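Beneath this line is the structure, given in structure tokens, with notes to follow.
Labels A, B, C, D and E are assigned to the chains in the order they are written; within every chain, residues are numbered from 1.
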Amino acid sequence: MIFVFSLFLLSLLIIIAIAIVQAKNLFVSVMLLSIFSLLMATNFFILDAADVALTEAAVGAGITTVIFLSALALTAQRERKVVGGRTIALIAVGVLASLIIYATFEKPRLGDPNAPVHQHVAPWYLEKTPEYIDIPNIVTAVLSSYRGYDTLGEVFVVFTACIGVLFILGAKPASLRGERNVERAGLRHHLIPQVVGRLLVPFIVLFGLYVQFHGEYGPGGGFQAGAIIATGVILYALLEGEAAALRAIPRSVLLGLVVGGALLFGGVGVVCMFMGGAFLDYSVLQSDPVWGQQLGIVIIEAGVGMAVCGALLSIFHAFAAREIAQ
Amino acid sequence: MIDLAVDALSWVLLALGGICVLIGGVGALRFPTFYTRTHAASLTDTMATLLVFSGLMLQAGFTLATLKLLAIMLFLLLTGPTATYALANAALESGLKPEAPTIPGRTRKKADS
Amino acid sequence: MYIAVSLAILVTMVLAIVRALRGPSVYDRVLAVNVFGTKTVLLLSVIAFLYGRPDFLDLALAYALINMVGILAVLEFFQNRTRNREEASRD
Amino acid sequence: MKLLELLGYYNYWVFAIALVIGLYAVISKTNLIKKLIGLSIFQSAVFLMYITMDKVEGGTAPIIKAGVEDQIYSNPLPQVLILTAIVVGVSTLALGLAIVVRVNERYGTIEESEILESD
Amino acid sequence: MDLISHLPALQVIVPMLSAPIIVLLHPRGLAWAGATLAALVSFAISIALAVAVLGGETQTYAMGGWPAPFGIALSVGGLSALVLLVVTGAAAIALLAARPSIDQQIELERQPMFYSAWLLGLAGLAGIVVSADAFNIFVFMEISSLASYVLIAGGPDRRALLAVFKYLIMGTIGATFYLIGVGLIYMMTGTLNLADMESRIGDVAQTRPVLVAAGFITIGLALKAAVFPLHVWLPNAYTQAPHMITVFLAACATKVSIYVLIRFDYMVFQPTMAEHDNQFALFLMPLALLGILVASAVAMFEGNIKRLLGTSSVAQIGYIMLGASFISLAGVEASVMHIFNHALAKGGLFLAVACIAYRFRDLRIQELGGVAKTMPFTCAALVLCGLSLIGIPGTAGFISKWLLITASLESGPFGWIFVAVILVSSLMAVVYIWRIVESLYFGGSANRDTVIAEAPLQLLVVTWIAALANLYFGFFPEVPLALADNAAGVLMGYGK
């Protein structure tokens, strides 16, 4: 039954995707993109990927929309009509689609328990995690220990994007159209959103912390928590104006969070090296290897959360600051 | 006996919630102007949230899940109307006039499609 | 019963998507996004029960909290645009 | 049964179609932001392919339930990979939008055709 | 575990963990010093790794202490050691010389972020090279790509932004294609570890998903490696990047993608998929030949000196692909040697260009008339590296071209066609290098009002180190040859 839902949602996904591409108004495209992301997350959830769905929710519904809107506010809102060049694109794309669909018919079908992916590496994770790491959420175990090096790479991808955006938007605008010095007021004179939003901000941050520290037991972890907390602070910035949010958490603190988080993660790895293990081998952190693993996971998840939260907020502020400067 | 009653009550609540959701959806699609559509969507949303989540809570019994359901319900009850208010306000500020068209769908202003 | 409710929600999602595609104004589309967001929260909660794993309600909770941020960002976007337009017409 | 088996591939078809819709937008649109929107659809489609792999019939999310024996769990590995890939996607998007904002400042437009004309 | 066994991990960790620290180093010059130090340390590590590999065994490392298919493994063999030498060497050389040029092109307050991105680029490239895990390669590919977008966006001209946007789109499509390919293989084999993939893919080698996966991975990586005709992003990106970044990226960025492509094709596909070697050769050889001819011809007519050299890079990538497509010991050895030698020649050339660019803003060739009178040392170095690029005996470039010609002759009855193509394109290289030289030495000096002097000592010394390296490795090519020999043996040995 549930797969019928999935079929249904997937068909909607295609319709929305076509509509996104067709829409001439970029704002409409962004709005539809957020529906696309919601649909995608629901599908992930139906396909048993609770952690991924939470991530898509935290990123797609909040952060992506906000960043897109800030970019739109700085550029144009409508797309111009274009002529020509479509046929070649359509042909190329059609060939690609038929190639992939050609490949599907020898793939294992959805949910097939005999598919090779369910035979090789994954059963080992499911079987050995209780013995080696002993936390219920296998996704967190794989993410932060077995494939912890990937996650370190992921943190550094976010870090690169953060300093990249700061670097690119840190350049002085070519033509300052007379500094108006108007502080963005936020939604201060909208009473209802103001009151409700203020009420909500602490809950969002609290929920973020819950996701952070509950990641070993339920869906969640550092990245989701970082994104959720960042969304909470962005809400505050929307309500009180960007300057107020910067007064609460200045840029230097954000940069400190990013750098600190990245170094915390890497530092744990280096400490493991000094204590005689391989890089990121948390077992050596404690006399009992299982405790060592759990300790390591808690610390690195904290690092991931700090880095992601700081990076997303820095990116948001970089865009918002540009808006004032214009 | 009590169990059965609770179960039945929860099913009734869920069914009512489902109907409410549907009505809201139809309203949001069929009503003639933006403000009337807002009206349909927002009111039924609130009601449906209440009904569905009460039904689910009865199913869950006294567990952590109930607490979470309660939290979700409260948040939805708070944010739903706020979001609708914000939206209607934005529309009004940017010049979309609320008016009652004589012929549905004809005279409404195309603000910015 | 869960299935019936989820079907009702799915149908409403389709209606919302039709509204989002038809417009006609951008506000209608934002309204549709908002409706869609609420329905997603409902659907996720119901599916969590359908799957028998109510501990996954975290996801619905996350949506319920985050959904409004997008809508408020839109409000702010419009507010700034209106203000800029007014200033431009004054200049 | 035959029909059901075909339906088992439906996710992969959706992956293929969403992928090419995104790619089409990237190739054929000249608006830079629209290109980025296409890029993010393109990447999301790949996430769908990976997540489709992880599902096992009768399985549940790989978070071990205390005290339940014989529970089948879905595959955790593709989920981990996609968690990482989602982050990568957002990072690329943010960087791309930052570049677009700068392009708009320096050229006064975000239409590729007009930019090429002005150089 | 002792220090030696940690080297593969340290190769990545040292530059990566230095990057966050560099961001905080705001006082003037400190960020540069820190970044240079980190790059030199990683260069030293790669030398140590090369020595260890030459001494015998492939170096492997289990990240997190988890055994291979479950955790992420690193491995450094002959090929990786050589590419690591190129990557870290290019970064170290470019950073050593960078300060005067970067001070000119990047505002002081943005420099810490710039140097940090540079180190991240280095860490990403090194991470790709040492990794033995297909998905891990993707993650580090993205680190290096994002970092290089940032670096190129630092270019002063507004066209840099458009070039970098195109590069971002192309790079992301390439990386996503790679990700799709890896996903399809994972779907059929259940593993991400390259060695494990090799042993398990045999059973499913003829299924459609694996065939399609081979296509996706080849095209995705070819896009990132700027193999003709997927090279359109490259000349613009190299032209518009800050001068020192061009030195770094031209010497190593595309080569790392070629390295992954060669590794995937030789290690995972060829031993297991019947006829794959023929398909690989038939697909890549015409592209390589066309790339060599077309790009060399286009380079002859380019006006901007950086653009000319960037276009020439596309032709050089063609040489590397040509060697690889012979699927013979000699061919692979020639290809690997050319990765090394081209990095030397092109790195040296772009360093010399950076010296010139320090004094002259306009880099169109006709505007550079008579520069040699005021900058004799720079121009001499440029000529030396140019000779190496052409492949004059006595320079490093000659060694790999000679190997390539020998390999072509061995490749079969049509070997003489390849030899002819190589000779013709070398003649074209003579033409485009001569155009530069002619303008520098014999062109009429345009009316310049500023006093022109030789480039700063820091830049000049490093440029000469690179130029002399071209000579040194022309006469004493034993070390890279030994590594290339090792690499070719390992690559051709899979599945035997």
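Methods note: a contact is a pair of C-beta atoms (placed from the backbone, for glycine too) under 8 Å apart; a residue touches a chain by one contact, two chains touch by 3 or more.
From a predicted model like this one, the values you see are computed outputs, not experimental measurements.
Peer 1: Give me the fewest steps it takes to get from chain B to chain D if each step has to go to a chain it touches.
Peer 2: The distance in steps between these two chains is 2.
Peer 1: Which chains touch each other through the most C-beta pairs?
Peer 2: So the chains sharing the most C-beta contacts are A-D.
Peer 1: Among the chains, which has its CA centre at the largest distance from chain B's?
Peer 2: When every chain centre is compared against chain B, the largest gap points to E.
Peer 1: Could you work out how far the Cα centre of chain C sits from that of chain E, in whole Å?
Peer 2: From the centre of chain C to the centre of chain E is 47 Å.
Peer 1: When the C-alpha atoms of chain C and chain D are each averaged to a single point, how far apart are the two points in Å?
Peer 2: Inter-chain centre distance comes to 20 Å.
Peer 1: Return the distance between the CA-based centres of chain A and chain B, expressed in whole Å.
Peer 2: 28
Peer 1: By the touch rule stated above, which residues of chain A touch at least two different other chains?
Peer 2: 25, 50, 72, 100, 104-105, 107, 115, 117-118, 121-122, 125, 147, 150, 153-154, 157, 160-161, 164, 168, 171, 174, 187, 190, 193, 196-197, 200, 203, 218-219
Peer 1: Name the residues of chain B that each touch 2 or more other chains.
Peer 2: Expected reply: 75, 79, 82, 86, 89, 112-113.
Peer 1: Send over the residues of chain E in touch with two or more other chains.
Peer 2: Counting only residues that touch two or more other chains, chain E contributes 135, 139, 142, 146, 149-150, 153, 158, 186-187, 192.
Peer 1: For this structure, enumerate the chain pairs that meet the touch criterion.
Peer 2: Every pair of chains meeting the touch criterion: A-B, A-C, A-D, A-E, B-C, C-D, D-E.
Peer 1: Given the complex with chain E, which residues does chain D contribute to the contact?
Peer 2: Residues 19, 23, 26, 32, 35, 39, 42-43, 46, 49-50, 53, 77-78, 81, 84-85, 88, 91-92, 95-96, 99-100, 102-103, 106-107, 112, 115, 119.
Peer 1: Taking the touch rule as given, give the residues of chain E at its contact with chain D in the complex, in rising order.
Peer 2: Counting only chain E, the residues touching chain D are 135, 138-139, 142, 146, 149-150, 153, 158-159, 161-162, 164-165, 168-169, 172-173, 176, 179-180, 183, 186-187, 192.
Peer 1: Can you tell me which positions in chain C touch chain B when the two form their complex?
Peer 2: Counting only chain C, the residues touching chain B are 1-2, 4-5, 7-9, 11-16, 18-19, 23-28, 30-32, 34-35, 38-39, 41-42, 45-46, 49, 54-55, 57-58, 60-61, 64-65, 67-68, 71-72, 74-75, 78-79, 81-82.
Peer 1: Would you tell me which residues of chain A are touching chain E in their complex?
Peer 2: Per the touch definition, chain A meets chain E at residues 99-100, 102-108, 115-122, 124-125, 145-150, 152-154, 156-157, 159-161, 163-164, 166-168, 170-172, 174, 255, 258-259, 262-263, 266-267, 269-270, 273, 276-283.
Peer 1: Quick check on the complex: what are the chain C residues that touch chain A?
Peer 2: Touching chain A from chain C are residues 3, 6, 10, 13-14, 17, 20-21, 23, 26, 29-30, 32-33, 36-37, 40, 43-44, 47, 50-51, 55-56, 58-59, 61-63, 65-70, 72-77, 79-81.
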